[in-house]
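Presented sequentially are two complexes of chain A, the first with chain B as partner and the second with chain C.
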Partner chain A sequence: MEKKYSFSKSFKIVCIALMAIGVISIAIGFISSPEKAWADLLLNNYYFLSLAIGASFFMALQYITQSGWSAAFKRISESFIPYIPVAAIIMFVLLFGTKSLYHWTHHEIIATDPILAHKEPYLNLPFFIIRMIFYFAVWIVLTQLLLKYSKKEDLEGGMTYFKKSEFVSKVYIFSLALTFSLASFDWIMSLEPHWYSTIFSLKNFIAAFFHGAAIITLIIIILHSYGYFPFITNAHWADLSKYIFILSIVWGYFWFAEYLLIWYANIPEETIYFVKRLAFPWKILFYGNIAINWLVPFVVLLSNYFARRKSILAFVIVFLIIGQWIDLYLQIMPGAVGKFKIGITDIGTFLGFTGLFIYLIASSLSKRDLTPKNHPYLEESLHHSMH
Partner chain B sequence: MYKTKIRGVLIKGNKSYRQITDDIIRPIEGKTPRWWYIAMTISTLALAMGIWAIYITISQGIGRWGLNNSVAWGWGIINFVWWIGIGHAGTAFSIFLLILRQKWRTSINRAAEAMTVFAVICAGVFPLLHMGRVWLAFFIFPYPNTRGPLWVNFNSPLFWDVVAISTYLMASATFWYIGMIPDFATIRDKTKSRIKKALYGFFSLGWIGNARSWLRFETTALILGGLTAPLVIAVHSIVSMDFATSVMAGWHTTVFPPYFVIGAIFSGFAMVLTLMIIVRRIYKFQDYVTDSHLNAIAKILVFISLIMGTAYSTEIFIAWYSGSEGEIYTFFHNRITGSHTKAFWTMVSCNAIIPQLFWFKKIRSSIAMVFIISIIINIGMWFERYVIIVTSLTKDYMPSNWATYKPTIVEVGTYLGTIGIFCLGVLLFLRYIPMMAMSELKAINKETS
Partner chain C sequence: MTNKMIIGVYDDEGMLMSSIRQIQEKGFTINDVYSPYPIHEVFEALKIKTRLPLAAFLYSTFGMLATFAFLYWTSVVNYPLVFGGKPQNTLSFVVILFVMIINIGCLFTIITFFVREKKYPGVKPEILHPGVTDDKYLIVIQKDEKLSKNDLESINTLLKNNGAIEITEK
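Let's turn to the complex of A and B:
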């Protein structure tokens, strides 16, 4: 049980190589088409930030619901947290690209567009930056507090830090409701500043939680196949896959609620969003999105037999990794770039970010024992069984 | 399986199995208490009022309601949505908490399911009357007919409502009944009255409690549960679509389906809380519905209240952000300010602000406060439907259409009547049906989570 994860040199090199590919791709992107490169940066940063937010929400949720079964996997969710400050830095770099990404930053456009002029009190660069600082400040402070308490709990034990973590989790969930909603409106929805949808932020939040939970599961699967977490039984796999299964249904439900209502009411200001996305070639991604993020996990994990096979679970998660990318590509590119072109630079940038993300996770995991010490529900998690 | 001791036991008092049976059966076997007769009388009076109102509506027509061409939906639809919302309690308790492995649900789920069934019946009264000619209500069913090519409009959310709600009623009633079979058998075996023996014997379907029966019983419950869970989401999503598929300002917003479902669970949980606080007091069931049960429900309510607050603010924000004049007018000049301010702010304070008091442990552990807030939430949820329906309809896009709306005594009477039906149902339930699932209680006896 005392096993610590060791971040091997060769794996480090792989991560760094991936990052190098990313840097080169971004550089090529900026030379060939800067507009696309900015959009790619936004996409990938939001992608991995959403995973980190999703995973930290997962952890907070385990605290407030006093869930015992997942206590042993707390480190995995914790390891996503270091990405949040990195995402903040990249978001600030992205501020240089706002002119290219967001139409509402151009004064000459606002002057001729009464709707954008109406939105100016909210959609203006200084306020945008202030909000961004606020979001990241809240996320970083609260998640770091959770980390701090977790470290102290390891050393001292007792219920004090568990109670404190529980409280911080409540505050974190409370503040995520506001901050993550506005952040998705700001960063993604305002790419097409005329369009609006109230479920947008909620859908993106669920997508973050959904894919965050999926990646947590994937990491557990990988570590388990290297001999870590020897206590894992079918019950753990069943619970992890249930998370993915249910969240896929919720995601599909939100997706459908948005689409059906906009299609049905057929108000031009709203419908135009889907008109663009239902034109060829976007159409392929549009249907691919719902198929990958909802249909695949739903159909495959419906069967109890499949849901407890870690290889099948991993197979589904690989789909979901692509799924979240497609979802965000569809949300960002039609507004930010307008042309459909998935090229080498898109993939390269994604690989680069993946390398960075894995590096951060692996180095965070290697610092402390893989199973938390002194967590009050640890024993329950280690001996979790079906009943 | 290993269980941490932190969470505390689910049933207090270190009961034996026999004690559990005796405790739960006592209200059924004992003499009818006086309060029960008084409550029955009041409920019957309310029902009588309802019957009068329904008689007036059927014999004289919808014109006796306060509706007009602009405000074609009023109390009827408000109360319909309100009751359906309360009707989400049973499924939320039985299914969602079952999936989430919250075993404390065991002492509450039976009562919650009973509420579901009665609330859905109450809800059904309103659209039925609203059709105008009740005797032609069967036109809504899509069966091969002799009326020529006249079919129901399959594209209409109102038709989806009929399908979803009738399915939901059947599924939840079946689920409720099946769960009761072993308990009916227990009463059959214990009772000394021959009439009761015959009746409970009939309803227990010859249950003898062998291993095979239990296996099938549990499998059936699980399958039914699995089928009902999506159904409950579908029901209120479809109810929300009655509004959201339109182009009315304040109605057409994409967040409506999940927001309605959450709101429904909110009011359902609040109603369960109200009921359980009364029941545990009257029947001295503090060992089964412990303070930590109430605490847990209060915690869920504060969480849902947060979601409600987020939904309200998102709606208001997007109304402004959209730049659409209709939306801006509806939210900023007809809800936040304007002639419906009171209703709007009642809704916000009852649903999003006052339940936040549950953050404080002191408030959560004061039974009186919990009781008051649980009622406040249901008042707030009633006003939410009022705000949505009445504000948008009284002032729509065309000022020449603007109208006012006041309910008449007939509408109020119908509402009171449904409250009567609900209370009657619950009272009969408390008197004749074991209000907690004895067999399930025994399974979690001495467990901690």
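Let's turn to the complex of A and C:
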């Protein structure tokens, strides 16, 4: 049980090589088409930020529901937290690209556009920056508090830190509801500032939770196949796959709720968003998005037999990794760039961010024992069975 | 020899589970367990196989196809009516399909369950112990010829030692 994950040198080199690929492709992107490069930067940063938010939400949820089974996996969701400050830095770098990404930052466009003029009290650059600082401040402070309590719990034990973590989790979940919704409005929806949809934020939040939970599961599967977490039984796999299964349904539900209402109401300023995405090249991604994020996990994980096989779970999660990218690509690119072109720079940037993300996760996992000490529910988690 | 089974009555889930495990370790087969709510551990311990989920899946698939056929026939084939400029074979089917899949799937699964369990209206219920309709847990072991007197005695002591509040035969 005292096994500690060690971040091997060769793996470090792989991560750094991926980051180097990322830096090179971002550089190439900025030389060839800066507009696309900014959008790529936004897409990938939001992608991994959403995973981090999803994972920290997962952790907070385990605290407030006082779940026993997941206590041993707490480190995995904790290891996503170091990405949030990094995302903040990249998001502030992205502020230099706002002129290229967001139409509403151009004064001459606002002057001729009554809709944007109407939205100006909210959609203006100073307020945008203030909000961004607010979101990141809330996320970083609360998640770091959770980390701090978890470290103290390891040293001292007892119920005090668990109770404190539970309280912080409650605050975190409520503040996420506000901050992450507004953040997705600000960063993604305002790419097409004429269009709006209130369920947009919910859908993005569920996507974050969905894919965050999926990546947590993937990391557990990988670590398990290297011999860590020897206590894992079918019951743990069943619970993890239940999360993915149920969240795929919720994701599909929100996606369809948004689409059906807009399709049914048939108001031109709303339908234009989907008309663009149902034109030829985007169409493939549009249908692929539903197939990958909803149909694949739903159909495959429907049977209990499949849901408890870790190889099949891993297979589904690989699909979901692509799925979240496609989902965000569809949300960002038509508004920010307008032309359909998935090039090497897209993939390279994604690989670069993946390298950075894996590096942060692995280094954070290697710092402490993989299973938490003194967590009040640890024993229940180690002997978890079906009941 | 009128009594066919030994029934151990428990009022705690933990005691029930440890009792089930110990009885099985001794090599006796437990035929049935009654509990006020489903316990997954019991399913695993007794190695109960059920095809009800498969049946539910098939009924739901049937429900989807049947509902789609009905919607398609009514609004495209038999009485095609354009309203709101929408295509006749439309997306709004999905909402009805969604509800009808659940409806048909549930109804048929419940009916199958009752048929398989031989529970029709008017059937006199066979109640092994009055506590079974309340909050008690029951372990049922069939008496067959293979079980010697010694075995029966050891089953009795096993049940007793694991905290059975009552042991009856029926």
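Here, the second predicted complex is superposed on the first by the 387 of 387 C-alpha atoms of A that agree within 3 Å, B and C clash if a C-alpha of one lies under 4 Å from a C-alpha of the other, contacts with A are read in each partner's own complex, and residues count from 1 in each chain.
To be clear about the criterion, contacts are C-beta pairs under 8 Å (C-beta built on N, C-alpha and C of every residue); 3 or more make two chains touch, one makes a residue touch a chain.
If you're wondering where the values come from, they're calculated on a predicted model, not measured in any experiment.
Colleague: Identify whether chain B and chain C fit side by side or clash on chain A in the overlaid structures.
Modeller: With chain A aligned, chain B runs into chain C, so clash.
Colleague: For A:377, using the defined touch cut-off, is the partner it touches chain B, chain C, both, or neither? Pick first, second, both or neither.
Modeller: first
Colleague: Of the two partner chains, chain B (first) and chain C (second), which one does A:385 touch, if any: first, second, both, or neither?
Modeller: both
Colleague: Which partner, chain B or chain C, touches the larger number of chain A residues?
Modeller: Higher number of touched chain A residues: B.
Colleague: Quick one: classify A:344 as touching chain B (first), chain C (second), both or neither.
Modeller: Neither: A:344 stays clear of chain B and chain C.
Colleague: Now for A:109: first (chain B), second (chain C), both, or neither, which partner does it touch?
Modeller: Neither partner.
Colleague: Is A:304 in contact with chain B, with chain C, with both, or with neither (first, second, both, neither)?
Modeller: second
Colleague: Counting only touches as set out at the top, which of chain B and chain C does A:141 meet: first, second, both, neither?
Modeller: Once the two structures are laid over each other on A, A:141 reaches no partner at all.
Colleague: Just checking: does A:264 make contact with chain B only, chain C only, both, or neither of them? Give me first, second, both or neither.
Modeller: Touch status of A:264: both partners.
Colleague: Which segment, 128-136, 200-208 or 380-388, is the chain B region that clashes with chain C in the superposed model?
Modeller: Stretch 200-208 of chain B has C-alpha atoms clashing with chain C.
Colleague: Just to be sure I follow: which residues of chain A are touched by chain B in one complex and then by chain C in the other one?
Modeller: Looking at chain A, the two contact sets intersect at 260, 264, 385, 387.
Colleague: Hey, which residues of chain C end up touching chain A in the complex?
Modeller: Chain C reaches chain A through residues 39-41, 43-44, 53, 57, 84-86, 91-92, 94-95.
Colleague: Any idea which chain A residues touch chain B in the complex?
Modeller: Residue positions touching the partner: 64-66, 68, 114-115, 118-119, 122, 159, 170, 173-174, 177-178, 181, 185, 194, 196-202, 242, 246, 249, 253-254, 257-258, 260-262, 264-265, 267, 269, 376-377, 379-380, 382-385, 387.
Colleague: What does chain B use to touch chain A in their complex?
Modeller: Going by the criterion above, the answer is residues 1-4, 6-7, 99-100, 230, 233, 237, 241, 244-247, 252-258, 299, 303, 306-307, 309-311, 313-315, 318, 321-324, 359, 449.
Colleague: Hey, which residues of chain A end up touching chain C in the complex?
Modeller: Per the stated touch rule, the residues are 256, 259-260, 263-264, 266, 302, 304, 385-387.
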